[in-house]
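Next come two complexes, and both contain chain A; in the first it sits with chain B, in the second with chain C.
Take a look at the complex of A and B:
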């Protein structure tokens, strides 16, 4: 029962986080590529509720940063021009899931004002918007790669476990080859084989499919194990005795028994692949500019001056931790739940 | 003995498979190290052609693989285009640095994991164990990338640790003792980061292995005989719990070359990691091949070592 509650909690949180990312265009005040060249590395914009005269407002407002005019003091807030934060404003056009076009944003401020909730990067692009849009790329990478791995895993593991014999031996030895490789190294080696100068979307798709293709061995092994024991269960043997074909047996009786493992594997693999994409992009081998991904958001931290002077560039990294926590919690609960079901 | 020979044969086959696989993939790439030279008006196309044929890049794939394999069996991993030198000494020097780093961190992680794991297995369910469990779960969810960046931030902000490289600029002027201190100072941060990254997994395994053994009847019998708790734990329980730990130890030996890529790149430790990333960007194929092969050899050898150790340590396996 406790595991079920844990699972429900994790799934709810996960859904909330994912909908933020899916509707990035709506929640983000700006487009991910909009540059404000005059405002590089702006610190996170503070939301104010009290003005200079001490009056309290319900609607939050912000001040732009301007040059203080004195050397060595940097920027100060421009108290003469408050910009109230408006909700449901029209702004940069975007598409949700690549289909529904809109230009409605949850919040925004009027033009010369700028709202950077997580600060801005070297080109004056809003980090908050880039974090949300970057999540789309990174999560999509994780999802596609995980689906690919698991589907190959089902086919290979199912065949190996169901037919056994030399087929099994051959497929599992092949899988060992993939398990024996240092996979991050292999990913690099494969990335080296891809041309460096092709369109960013092609890079993305190639990268994702390579990640997915490399990772099939572990799910295949697990599925093979389940199939091995499943095909010896009495009702499967009975169905075979009634003359059921292999395809029918696999579809109706054997593969449904692997769904629990599949789900657990998916929840484990998605964050792993998200991390792989982040790592590759961080090292400059993944998805490149101008597409934002969580890896490219972090890669600016490789420069010492960014790391030491602009603490808010670190925020995306910190926001990843709760996401992974939720994913692992879900996987953990699924595993426990699955265990208690089979026992 | 027969078991040993069979395992060795399998390992060799595996390595051969890995080498063919990575070789083919690397050569599938359009263009090579010399292609950007074609765009350079100062280099004639004849020079490029000559360079390519000098390094054998104009030959067919199986021929090149044959040449490469033949050379590798003689200990020559081929030429590095970018460094204009053989790959072997280049790789060996970098591998030494990597092993210094991973060896230190492994020592650190295991020396912490075993006593802590035993302790929390003994105090299972008490607040100490629960707190430890919460900390390890939390550490598991922190991506390594973020962890290393935090350490880098710490180093840059506080200035307590030197960042980047393995030695200070004045290294050659120092005497032996100061040289060792200098390397140790540079080593501290990356080794600590790597140890923190691996500790949670080790700790969990030690704890669960010990818990399983401590529930066994023979432990209760030993306790009932009035044998001191310390002796029960270390002399009776630990050797029985060792089997999964030996496998794990073999695995961590095996990843000694490949586990530290990220920490090396982020904290700029001059190991194999940065070399590999650079080589990939410029398509220095034999360096990539060498690095991949060397780390695969380590991984396979580590697993082999673990299996042989298990074979020696656990009589139950020998019977099968």
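Take a look at the complex of A and C:
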């Protein structure tokens, strides 16, 4: 049962990562929008255990950087003022899952010290906090779009596969039309047509929904195939012979056969739509400032000066690679498992 | 190559100030996009104008180094005592780049075209004084008289950039009504002629425009060598700023202007090894500002915006916003320190017109809160609410293609959130934004920037007159909507017809004070002019007026 172990491993990793994101407010030392205007593009803060006199401390501490006023001229550490890192500190208020309010953070340093584990961005905002909070938006976008795609896919694919004939033809040709749709231009058009007073956040949700709504064709095709073969199985034919209705057959015998495929599709589609969010933001259709998303964290990389001068701006991209890898591992394991069950 | 007869009999050459250089070589520069045309009458985009400046000449020119006027095709001029008549003496014996002679008929023809309402040139607005177009009279073959309806301060500055056209090449298309197609880029180089240092050689669509030395050019250096020094100028089409920076860094191009402070820092790192140098010329004439929609919206049927105008129209609200904005923060975060905070429209770069009396108050949230309180606003659980209990929320438009202004808006958003205002930044495609600002008036606030074409306030008429098209917060008014706008109208009109500089300065100072008192535009920062050039380019003296780097291209040489 190698696949099962692989799956369990992937699911545990995913759950760990998701809880980091869900409890972003707790793990992040700062609010995602707080601008430290004296410290744009600060490099990641180094954690020290030995002070300037060579004494070793158990509790790590950090030094602030002396800002030279103009970025790109190098930063020096202010060795006169160490700031020890404290755990479970009170800080910026936040909400978990939009409900539970708190201001407890896992770690932090006393002001005016600043701890930027992944550096700071052009406005002096903590990249680490923005990465965690950004995950909430990006994962939500991926989830919404994937659920929409798959649920439309199951309805359309199920009907097309089950009834066949002209219904099948009509739905599948319609699906191809959606596959051929230049969705990027469609999204631009949708954005341009919206009134201004709709908040960026609502616009974003709308665009993500549109993306999910037009992405149903691929899952629908897959489900249609499974339904097509499932409805010819002996036990389905037998049930029909006993006078079962179409709805009963679909619900009781046919659709359960597609669940494995559905789950695999979901694990494949979520990262795909997270990446689509990155693309959207890259093109200026993402959540507006100051809200972070993984797309907006990466979009600053399209500027030459960021690319050539501030290596820590790549860190979010670096962290996303293992995440997607875990997603695809889970999808892979699910598919293998599904194969061995049906065989 | 046809060599112009050096120092042909009767040719009145102009002697330039720059140090003598070597003839030969070529200069490569990048343009952001392809020029749309090389017709000086029709060009509106900057790439077209950049090319046109190299192949044409004007009668009187503003020296980009001194910002003062200097003789060009006109060797001298006289102003009548009432300031209404300008008599220009043209240089004798000059030839267009195709060898045809130049005289007063070309000047008369050129102005006929520029003033033609049907052709609608962008220069026409400047050449109409007090509602009446300038009249142009030919006195003799080398003397032209310009008559103005009213005395007009700094009228000689109007001639800058009005390129003289060759009558022998363009009159036919003008008479036949096909002028709007004349001199597009698909024409043959032989169909083109101008009085500039270069002439058209080759156009490769999607790649480059190549100019070659004009053998008939009429300027010479102190040693008597005919200008220009360069054999060729190549304009490459490089569509993005980053790509331009990279190509400059790798030595593909020799001169770079219009780039961001961040890229300045990137270039600075390799300055010594790569053989180029960078110049920060200090603040130019660009001013960036935030403004609110103060239009009369009753005929437009925009109830949502109209409701919010109750706040925007209260000067205390605008003052509070101005007091809350961290201009120093914008300078540091958006321009890496290469900009200057401003409180009115005249930047410190414009030394002749800046009003030293304007106060530069530091950011103060306390004062902002006091102002809001005195205007009847209050706070409920951190959010600002107006006297009727409505939360203060509005959106700021910016152009999505301008990274600097997007950043400015984001900083303002954060500043105003500290006053309890909920602000959304809405980046729009540039034309979509202008359509809202100029036609539908369907917006609440916007961050924009303007670049004065000249240091003189006359170039700003369109912005400050209430009837002006660029009077952004409430354009094209029939009559001034507020007392301070009517005072501004009067001051702008008066400075236009006052000839004495000290008196004009007083008038324009008052305009600046009105802007600061009433804040129709909340001025933010003026970015520095940044240029870079390879060390091998000689006589490189960039200026703060457009075009920053290539204004003396006839004197540039390769060492």
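The criterion applied here is as follows: the second predicted complex is superposed on the first by the 316 of 343 C-alpha atoms of A that agree within 3 Å, B and C clash if a C-alpha of one lies under 4 Å from a C-alpha of the other, contacts with A are read in each partner's own complex, and residues count from 1 in each chain.
Note that in this section a residue touches a chain if its C-beta (ideal position, glycine included) is under 8 Å from a C-beta of that chain, and two chains touch if they have at least 3 such contacts.
Note that the coordinates shown come from a computational prediction; the quantities given were computed from them, not determined experimentally.
By the touch criterion defined above, A:124 reaches chain C but does not reach chain B. When both complexes are overlaid on chain A, the residue A:37 reaches chain C alone and has no touch with chain B.
In the superposition on chain A, A:318 makes contact with chain B only, not with chain C. In the superposition on chain A, contact of A:298 is made with chain B only, not with chain C. Residue contacts after overlaying the shared chain place A:308 against chain B and chain C alike. After overlaying the two complexes on the shared chain, residue contacts for A:13 are found with neither chain B nor chain C. In the superposition on chain A, A:263 makes contact with neither chain B nor chain C.
When the two complexes are overlaid on their common chain A, residue A:284 makes contact with chain B and with chain C alike.
Set against each other, chain B and chain C touch different numbers of residues in chain A, with B touching more. Of the two partner chains placed around the shared chain by superposition, neither chain B nor chain C is touched by A:155. When the two complexes are laid over each other on chain A, chain A has residues 192, 196, 284, 304, 308 in contact with both chain B and chain C.
Across the complex, chain B is touched by residues 176-177, 180-182, 184-186, 188-196, 275, 278-279, 282-285, 298, 301-302, 304, 307-308, 314, 317-318, 320-321, 324-325, 328 of chain A. Those residues of chain B that touch chain A in the complex are listed here as 14, 17-18, 21-22, 25-31, 137-138, 140-143, 145-146, 149-150, 152-153, 156-157, 163, 255, 257-258, 261-262, 265-266, 276-277, 279-281, 283, 285, 288, 291-292, 295-296, 299-300, 303.
Within the complex, the chain C residues that touch chain A are 242, 245-246, 260, 262-263, 265-266, 268-269, 304, 326, 329, 332-333, 336-338, 395, 397, 400, 403, 406-407, 409-411, 413-414, 424-427, 429, 432, 442-444. Listing the residues of chain A that touch chain C in their complex gives 33, 35, 37-38, 40, 69-73, 122-124, 192, 196-197, 199-200, 284, 288-290, 303-306, 308-309.
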